[in-house]
Amino acid sequence: MANDIPLNWFLYFSAAAFAIGLTGVLLRRNAIAVLMAIEIMLNAANVNLVAFWRYGTPAAGAGPMPGVILALLVVTVAAAEVAVGIGLVLLCYRRWRAVDVDRYDTLSG
Amino acid sequence: MDVGTALIAQSHRVDLSPTTAIVWALWLLVGFAGIFPGIVAYMVWLERKVAARFQDRIGPNRVGPFGLLQPIADAIKLIVKESIVPRPADGLVHLLAPVIVLASAFLTLAVVPFAVGLVPIDPPSGLVYLIAVSSLSPLGIFLAGWSSRNKYSLIGAMRAVAQLVSYEIPQVLATIPVVLWAGSLSLVSIFDHQAKFGWNAFTPPGLLAFAIFLIAGVAEVNRTPFDIPEAESEIIAGYHTEYSGMRFGLFFLAEYLGVFAISCVATVLFLGGGMPLPFSSFPVNLIDGSVGSYILADAILLAVFLAKVLLFIFAMFWVRATLPRMRIDRLMNFAWKYLVPLCVLNILFAAAWFEVVVRPGRIEAGRWAVGMIGVGLLTAAGVQLVFWANRKLAAAAPIDADWPAVGAARGG
Amino acid sequence: MVAHNYVFVGLLLLVAVGFALAPLALVALVAPRKRSPTKADVFECGVRTHGETWVRFRIQYYIYAIMFVVFDVETVFLYPWAAAYGSLGTFALVEMTVFLALLFAGLAYAWAKGVLRWA
Amino acid sequence: MPPNVVPLDLRDFLCIAPALVLAFWGLVVIAADLGRFRRLDPDARRVACGRATLVGVGLALASAVFLAWVDALAQSDAPRLVALFGDSLGGYFARTDGLIFFGTLARGLAVDVLNVLFLVLLAMVVWMSTSYGFTDDLGEYFALMLWATVGMMLLAAAEELATLFIALETTTICLYLATAFERSRRRSAEAGLKYFVYGSVSSALFLYGLSLVYGLAGSTYFDAIGRVLRGGDAGLAGNLAGASALLLLLVGFGFKVSAVPFQQWVPDVYEGAPAPVAAWIATGSKVASFVAMLKVFVHALGPWSHPSGSVMGPGWLGVVAVVAAVTMTYGNLAALAQKDLKRMLAYSSIAHAGYMLVGVAAASVSTEGPASAGAVVYYLIVYALANVGAFAVAAWLARDKGTEAIADLDGLAGRSPSLAVCIVVLMLSLIGVPPFAGFFGKLYVFMEALRQGPSDTRIVLTWLVALGLFNSVVSAFYYVRVLKAMYLREPSGRPIEPARPALALPIAAAAVLVTVLGVVPGPLVDLSRSVAVPMLTAGRLDVPAAVDVPAPAPPAEKPSGVAWHPETPTD
Amino acid sequence: MARSLFLAIAALGLLAALGTVLARNLVRAALHLVAFFFCVACLFVMLEAEFLAAVQVLIYIGAVAILLMFGIMLTRNAATAEADLSGGWRVPGVIAGLCVFAALAFGINNAVSPSGSGAWSAIVARPALEPAEGVAWKAERSRAIDDMPRVVGEQFMTRYALAFELAGLLLTAALVGAVALAREEPAPGDSEPATAVEAEAAVGTTP
């Protein structure tokens, strides 16, 4: 693969995806849709991490691949978050028969 | 274009020149698009023949000699049949679903080293690639069921996905020992390792892993006794209830391609690929750098490889003709309570085998014997342990009261 | 280089998709197309479809899915470990045993809790 | 050929023994609950699980104290360690580099002190969990609390972003789950989901900021980041990427420490969560997050706090100052209107976050270096102790009333005079009345803020302190409402039952500790100061602890540690 | 060539992300999300982190997407799993997203390094890799790219050992907690139909 893609392009992509994800979090009311938007944000961060790893010059003593390791940990965390998130959604669903965040209104705030 | 050069370059893992690479890739693609569907078509024919023999029938015999043209007739039939899409269905997704399943089966084959140099790609993380693309098929199946807007399709799809994901875990875990011994995720390295240390299935943990891999593999392609997803007596035809004509044909194709791919992968991972002898690198050591030697070795390798694959395929047909369908609860139990614990233990046994036999760098008779006996006993004990624990737990707790051992213990 | 491989994968993907779509295109040309409302109905063993498609699924599906996700992520850690095992010392085995024990504890928990029971 | 891999030193695991014990004990508790305790009746089972958990916490506490002793000895009398434990282990313990696991984690007295703090708090929280039955899944509940603590301990000890991130997530994911554990009530599930949504969005934002920081500095080690940033002078001024990174990190930490404007979740979650879980979110999680925040902002991003020497200039100091001001004011004003004890405590904990943020700001411009972060550490300790006690009161109310209205405390002084006194002590400490520890905490933070830095930062910090004092006065109003209820009102409905030891002990213990630390603040203040220095300079062997001088430039042959510096085409 | 490929993938990815956020049908949204994950995997390949790409497909598409689908199926009417976009928040939400993107884009464009030299925008080529000799980190990275699984394994076993074990703990905790929460409470009056199909189909239409 030719080396001629500027780093910036990856960063723009990731920034755009991140912004879209954030918008999604603000726009969606359905808890599962919010979860998906969060996944987009996490992925955007991952693209950043890997791009910085590949293009950057590592500081001394940082190991060969901090970015990749972090990305793998993010994947782990994302998977755990989805599992937990859906578990909580199911729990709420059983109580309310609804998934809209707005409809949960026991708590006053 | 000189095929021999490409072969040599590939097997020495030299970067091909762009034109050579492209031409080589095209050759392989032609092979993929032409050969595999052909193989699949004749697998269907073979299955019908085999099943017929088991049932004391003759099987297809009208179209062509021995019914050999039957697959072609089938294909024509599928093409000229009307493709019905239910009105409420989600059209695009309905179309996409079989494509995903088929693509998943196709992409799996891209990393299989059929012979020396005859491997489309050999990425350093080939095995993860393999697992990754094969894990696409549950998605396609789910979408098929969902997009049909049919209760039975949806139930079938959910069950299918639950089964597939449950058996994916033991399948994946069973490949860990192989990776551990070869020290690499590349399938070519795994092949190389077996040329040096003998077939993986001929080690105690390898044998266990092989068995688990096969069982899980059969479940992964939804074949009897694991064909719950399309249990026609329970939920019509499962996720492809609403598929007809060629669209159904694609699922059909994908299933058989899946059977073929699983057989190929099992052959490469555990049975030394195309090597005819378990403890000799026989046809590989013929290679002296000349194109002729490559062609000769590859011919042998390819023939043996296909023979092994055929054996697997035949075994699967046999199983299908012999065994009834498993009940879904037992199916899931078996994956999670037997296979997964066994796999986890097996990883430790594999590490032990590595320390005893592989670490020195070459096979030594004494160490090998020690490994066979020591690790073999360990592995056998592990299997016993898991089965014993399952029996014990099933008998002790009301959990799993429907498990056969308990039923027997309670007098029916 | 690594990425070369994936050019082939991309091509193969195209071939696979093409291979799936080509017969379908052929079908569109050759096969008869007679629409009728009954034919386009959703199949339900000859009975008229009633209600919505959705059925309430049991929570078991989620439990198996979450176990699957957890173990799938585990393999992502297992593969690199297995590949690197030869060049590492005993400490790698110790660490992995701890890791496996943790994950196995999760499985044992689900088992003991009785949620691995279908039906 | 692969280069030789530097093996992991398995002795490193000894230094995180408390965390290991807790992680393991979580499994033990689950096993015990599913096995031995299954047949007990609910109350007995709860107590049994709680006791079993306490045993684990006790073991962890013993190991933490032991490590603290070892680390103290390493500073004072290293040869004795070698004599006691032999060359291998003793020599290992006597090492003073303060880093383990290839520099990803800190060890030493600072970590030990925090671990002891976590464990003491956890013991109280676990104890109060046994006071009433809010869940059937007891083993899981206690295990999650233990594992959340593991995350907190490692979060407070992390010296590197990957470790920090995963520790943070371990903590919060365990707490999301624990929040939803009160099965009988909808609001618990709702609080769990709310906490989860806010929390995971904020951790996604945090992660994005983290990725930018990694890109800017080329490393994930706090110290290396600090070194790279010290090498340049741009600060936030010409660097919008850096500014975004900082702000995103601030969002992440702001959420965890409940700073305005990321506080929306706090009242709802505290109200909805079972009282012990709320206590643990309000204390343990907050302590760990503040320590991590100190490390990231002061140690790693310190050079960006006020690069051009101006506090309102392009550095994070100004942002944090504004956030601190808004946070304490908002928290106090909102708390005034609360009738529910847990909501009141939630807003008050927001307000306390504001005070502590003043301390963070002060630590970054300190004339005496990281030692001034000791003020925040001290504040954290006393805040956490008082708050655990206060949440035990909430648990008391939840046990008897199912709700936590302050009005339910009416007339308590008549029936439980001694506990009422303890509650008075806790409230006075939270207000910051001498001679209780809360007073010294505030005093100390404000003093550090007042004596800091160049003139222009001093002005801002002085204003912050003035605002803080004003806020303390405001806070008196709502804390006093609790006292008023206990002493001046008559109970209207059914009065609450007397507390059992499970509730009385945490309240009393917290009150006693707060009083003792208030009467004799000296030792703990000194300890906080001394642990703050290694905490914020770990891995920084080239810098004298007290003065924050720029590190010498990295050696010339290295590519200057700049991540995106274009490669010169010579290669 | 590579540039246009990148542009195509990135555009597809962003469209898919938009689709996820805007699609009313939840399963469709999840499908868009899968497409987005796939595009990110392609970008990982372009960044020569093919192990990560495979992991991305394996975890996100193979597992997380399935879990999301199950979540959708378990909570709502599948066919009409429509989710309204929040009414009042639409405009502020879009504005916030645009602002964040603008800030980040400016940041990316003007990024000045701490040492004051260079900008991200100046980077076109990645640092070349030299297999054996050359600067140490280049050899290190070259090995990391050519043999990524193994290097990842080494890193997890040594430098990131703690993060690795914590990841295991995190997964176990998530499993335990989620199972405990989602577990079906045995309701007394809840008599399940005899066979699985009946149980699944009978409940059918009650919303």
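Order as written gives the chain letters A, B, C, D and E; numbering starts at 1 within each chain.
As a working rule, a residue touches a chain if its C-beta (ideal position, glycine included) is under 8 Å from a C-beta of that chain, and two chains touch if they have at least 3 such contacts.
For clarity, every value in this text was computed on a predicted model and none was experimentally measured.
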Check: So which chain is farthest from chain A, going by the mean of the CA atoms in each chain?
Finding: B
Margin query: Please tell me whether C-D or B-C has the greater number of C-beta pairs in contact.
Written below: B-C
Next item on the list: For chain C and chain E, let me know how many angstrom lie between their CA-based centres, rounded off.
Entry: 16
Notebook entry, point to check: Approximately how many whole Å separate the CA-defined centres of chain B and chain E?
Noted result: 28
Notebook entry, point to check: Counting in whole Å, what is the centre-to-centre distance of chain A and chain C, each centre being its mean C-alpha position?
Noted result: 21
Check: Quick one: chain A and chain B, Cα centre-to-centre, how many Å?
Finding: 33
Checklist line | Shared interface positions of chain C, touching two or more other chains | finding: 1-6, 53-55, 57, 59, 61-62, 65-70, 72-73, 75-76, 79, 82-85, 87-88, 91-92, 95-96, 102-103, 105, 109-110, 112-113, 118-119
Check: Which chain D residues sit where two or more other chains touch them?
Finding: 2, 5, 7-8, 23, 30, 102, 162, 166, 169, 173, 176-177, 180, 192, 212, 217, 228, 559, 562-565, 567
Item checked: Residues of chain E touching at least two other chains -> 46, 48, 50-51, 55, 58-59, 62-64, 66-67, 70-71, 73-74, 76, 78-79, 104, 108, 120, 123-125, 127-128, 143, 146-152, 154, 156-161, 163, 167, 169-171, 174-183, 196, 200-201, 204
Notebook entry, point to check: Which pairs of chains touch each other?
Noted result: A-C, A-D, A-E, B-C, B-E, C-D, C-E, D-E
Note to self: Could you list, by residue number, the parts of chain C that touch chain E in their complex?
What the structure shows: 1-3, 5-6, 50-59, 61-63, 65-70, 72-77, 79-85, 87-88, 91-92, 95-96, 98-99, 102-103, 105-106, 109-110, 113, 115, 118-119
Notebook entry, point to check: Mind pulling up the chain A residues that touch chain E in the complex?
Noted result: 1-13, 15-24, 26-30, 32-33, 35-37, 39-40, 43, 46-47, 50-51, 53-55, 57-58, 63-65, 68-69, 71-73, 75-80, 82-84, 86-91, 93, 97, 99-100, 102
Note to self: Please output the residues of chain E touching chain A within their complex, sorted ascending.
What the structure shows: 1-3, 6-7, 10, 13-14, 17-18, 20-21, 26, 29-30, 33, 36-37, 40, 43-44, 46-49, 51-52, 55-56, 59-60, 63-64, 67-68, 70-72, 74-76, 83-86, 89-90, 92-94, 96-98, 100-101, 104-105, 108-109, 120-121, 123-128, 137, 140-141, 143-144, 148, 151-152, 155-156, 159-160, 163, 167, 170-171, 174-175, 177-179, 181-182, 207
Item checked: Interfacial residue positions of chain D with respect to chain E in the complex -> 2, 5-8, 12, 16, 23, 26, 30, 101-102, 104-105, 137, 140-141, 143-144, 147, 150-151, 154, 162-163, 166-167, 169-170, 173-174, 176-178, 180-181, 183, 192, 212, 216-217, 228-229, 231-234, 238-244, 303, 559-560, 562-567, 571
Note to self: Per the contact definition, I'd like the list of chain E residues that touch chain C in the complex.
What the structure shows: 45-46, 48, 50-51, 53, 55, 58-59, 62-64, 66-67, 70-71, 73-74, 76-80, 145-146, 149-154, 156-158, 161, 164-165, 167-169, 171-172, 174-176, 178-180, 182-184, 192, 196, 199-201, 203-206
